[in-house]
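Look at the two complexes coming up: chain A is in both, with chain B in one and chain C in the other.
Showing the complex of A and B:
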């Protein structure tokens, strides 16, 4: 197991929480909902998953708990943003702040100042095939949830692009009046999108806590939730494109670690900037083509015209 | 703000307090004890109230920054990056101006910090105003770039070699902004309050202030009035970054004296809590940031006597924002007469 192989494996693993959260955010954005609180949702999913694994010793239960935590927050977000026409920006910022505060508060209530670790790691199903040089470990040496996560994102991309449900979802964001005219309730579509999208964000937080690092700590996400929002926008709300961008982001981060191991004397902190600067360059290059749904962030009023 | 307009913020505060009490009861703490300790240590004791004013200052400045962008319909999610840019610039310059009078040193350091904040906001501002690129994406990324560069500067070029743990060179205590009399309140507290009043007056009683509101709330009308919309967006966003940077400058010149290596500003979310509690009104930002300053101070002094986690008060701020979000849209859509304009840029 060479250093390069391990780095590649870690880069892919670190892309998984980001990929799930950004795909979830993209589903919400497609329906017209802008959630700036992904960070809070991920933390909630991470804490729920950690406590569930701690109690049940089952990763499946933990991942389920993370997704459920995300879905319930999504239900609340969706209902407030549609039926109560709450300002999505304010609501999202509240979720980011409240989610970080609540998870920190509850974690300290339960564990005090101790930092418990999960007793067991997740199994690696295809470990036998990991002997292939360079990419073997990256492709076949991953924990099983990594393969599930990639399948989920590919499936989400297929549903958004090709299915009838995906068409309705996109129409709810781009021309809600057409959805209304087709006899479908725009608010219901948006609430369902918020629930499924934030379930993915919760699952992303769960993946970070119980799959990638094996513990939970207050503020564990250190900004991944905000990166996910940016990635969903840069990836034009397309899960397949987002998955590729998340992998590039993970590899750029991994490349920083790799360069530190070489003879080049570049400071760690400068290398840490690389993935963010890379995404920023991409935004500058794409310019106007960073496309957003026409009614993103707006409440839908049946009585009003236009939008 | 009349009594009826203050209703939504007050109801939201009440709602957040009730949720807080319920959570405190569910986790087996004594809400009466927590309430008594809060009133005693934060409100009644002179030192507590003065420390709350000190904690208010960066929140007020960051809140003004959020306000200037929101006024023209932009969301400055990158306040923390601009705060970091301002702090590191002031910390780099001030200790090198030893031979100057203190006031000149403060002025030069604050001016440089102000410009650094504007510079850090320039890329998102230009991309939004000229290219229609959504500012949320760019400000998020700029913040993490700022954090990386600042910690590189502190551990590398700006490191004070005379101390072990990485930090910038410290400004002598005698040359920092002075405290007023025997109180803990320092000069920057007063300057921030004055700035809030100035911003309030400019937005309320000048032509650019009025037009900025038209740009934010009715862009179509702004076009008809031939207001140079993209120039308004650009200037408002640059000023937003510059004022955010002053929050970092005041922390360096008046409180810390230097920037430690592990410092990560996290004022952005509190700034928005203060902004929406004040219903996007500069003068009302003063009491609303004071309340958040009290909560910030409380989360440093209450954990010891009550056993409450320091995360309790940020949680309450988040719940407060969630309550405020309901009233916020109703206000906006009433003001805009149901002409919904996208809050975000993109391919318009």
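Showing the complex of A and C:
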């Protein structure tokens, strides 16, 4: 396994939690909900998944637990943001801070001062076909959930872009009165979007904990949730574009590691900035402004036309 | 008129008396230390810098029968509110257990008159108020380097760090020098996960996978929480690799020999703060607080963990030989705290090897 092959493989694996969380956030944003608490949701999903795998020794159960944790938080967030018109900014920040604190507390309660690690890694179903030079490992050497995650994002992209449900979702964010006029309850649409979106964010946290690193630790996400929010915005809430950007982000991070293995002497601080600078360049190169849903972050009041 | 004079005198006394008391108290003995607090930047379950500092203090507290308060996850920002809270609780001594606190804590000690311990800032030492501890583990890291050079099968070892603070830099320089002195042909890969990536396990894992792909079969990892990302990368590699392709890990600070990482742990540069914490409490009680305590090979504040994986006697004899040479001063290990100096040092060794 060469350095280049390893970097390409790792870039795809590390893109999975990010693209799931960003896609989940994008679904919420499309409906008009801005959740700044993705970091907390990912941590909750990660902890739930780790404990579930620890108890059941099943990755499927773990991933399901992560998604359920995310969906439950999404339900709470959606209800508070719509039925009670609570400030989405306050709710989101509360989720980010509360999620970090609560998961740290629960982890300590359960595991004390130890740091358990998962004994077994996830299987790689297409490992036999990974001998193709350079891209073989990246395409066929991945753990099975990577393929599921890609399918989920492709499906989410299709639903958002092409389906009637996606049309309603987008309308709930851009023109909620049109949705209401069509006889559909905007709040219900947004709550369902929050649930499904945060289920994906929870699944992203689960993927990080049990698929990518193989353990949970307080603060494990180290800012991935916040990067996911930015990615959802610069990816114009399009899951397919988000997936590509997440992969580019992973590749740029890997490039920093590769550079350090060469004779080039570049300061670490500069290498740290590289993925972010690269993303900004990409956004500029794409040549189109970031467009946000018209009512993003605003509560919907049926009585007033001002969203 | 005499009333006015009396009031002025009383006010003057009111100002002078506390000042006189304070100047006397600053260098005097504290009858007994009843409570000590430690502020750590990250979680105390990271089995690294934070946990080792807190656990050592709790052990000291238990042995001496004093109250210990651990404030964890304090972060790397301004910790003044935490310090104010601890001072209000009346703790006798506060240990600021992070190089990031080396400015805020001495300032707070001067302002509030609470004795404090800082790290990596000997210039901040003030009699009766501020003490400092230095963890110069370069000599023990040198021994780890000797062991790594003797144990590598691929001829390539790696250093993976979660940042470039002085503590990590000292050990990197020592380790690389140890490798170089033992076998100049052994290649050392040096990789930084991030600027302050102490808990960045996902990236630690990716970086470790990369250095393994580049041929390293021994990874000297300095990461705190990020170390577990390195360990998982090695575990996953080892699960698929043959007996001759197993990668081994050299850890720092905490003892992971009882953890899930035990099967791949070659050794560890262990930090034991017990001696330092006891010394500071003794100093405070004796009225000699305000010193620099250096944890080193000689006082065993830093030592090498017995190899957890079978290593032959001849190899261990060479490591012991190097240890004795270090103790008598026959081997000089560079003390490099600065990241730029470290880069220049690594480059000079590389050029020398070529």
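Quick notes on this structure:
Rule of thumb we're sticking to: the second predicted complex is superposed on the first by the 295 of 307 C-alpha atoms of A that agree within 3 Å, B and C clash if a C-alpha of one lies under 4 Å from a C-alpha of the other, contacts with A are read in each partner's own complex, and residues count from 1 in each chain.
In this text, contacts are C-beta pairs under 8 Å (C-beta built on N, C-alpha and C of every residue); 3 or more make two chains touch, one makes a residue touch a chain.
Remember, it's a predicted structure, so these values are computed and weren't measured experimentally.
After superposition onto chain A, the partners chain B and chain C occupy overlapping space and clash.
In the superposition on chain A, contact is made by A:108 with both chain B and chain C. Of the two partner chains, neither chain B nor chain C is touched by A:25. Judged by the touch definition given at the top, the superposed model places A:238 against neither chain B nor chain C.
Taking chain A as the reference, the larger set of touched residues comes from B, when chain B and chain C are compared.
Within the superposed three-chain model, A:253 lies in touch with chain C and out of touch with chain B [touch as defined at top].
Of the two partner chains placed by superposition, chain B and chain C are both touched by A:272. Look at A:6: by the touch rule set out above, it reaches chain C but stays clear of chain B.
Remark: of the candidate stretches 7-15, 79-87, 133-141 or 295-303 in chain C, the one overlapping chain B after superposition on chain A is 79-87.
Residue overlap on chain A between the chain B contacts of one complex and the chain C contacts of the other covers 104, 108, 218, 269, 272. Chain contact summary for the complex, chain C toward chain A: residues 42-47, 51, 55, 73, 164, 189-192, 194-195, 197, 199-203, 205-207, 209-214, 225, 228-229, 231-232, 235-236, 239, 259-261, 339, 343, 347.
For chain B in complex with chain A, the touching residues are 23, 27, 75, 77, 123, 127, 131-134, 136-138, 140-145, 148-149, 151-152, 155-156, 269-270, 272-273, 276, 309-322, 324-326, 328-330, 332-333, 338-340, 342-347. Those residues of chain A that touch chain B in the shared complex are 34, 36, 40, 80, 84-91, 93-106, 108-109, 218, 223, 226-227, 229-230, 233-234, 267, 269-270, 272-273, 276-277, 279-280, 283-284, 287-292, 294-299, 301, 303-304, 306-307.
By the touch criterion stated above, chain A contacts chain C in their complex at residues 1-3, 5-7, 10, 14, 17, 104, 107-108, 111-117, 119-121, 208, 212-215, 217-220, 222, 224, 253-254, 257-258, 260-261, 265, 268-269, 271-272.
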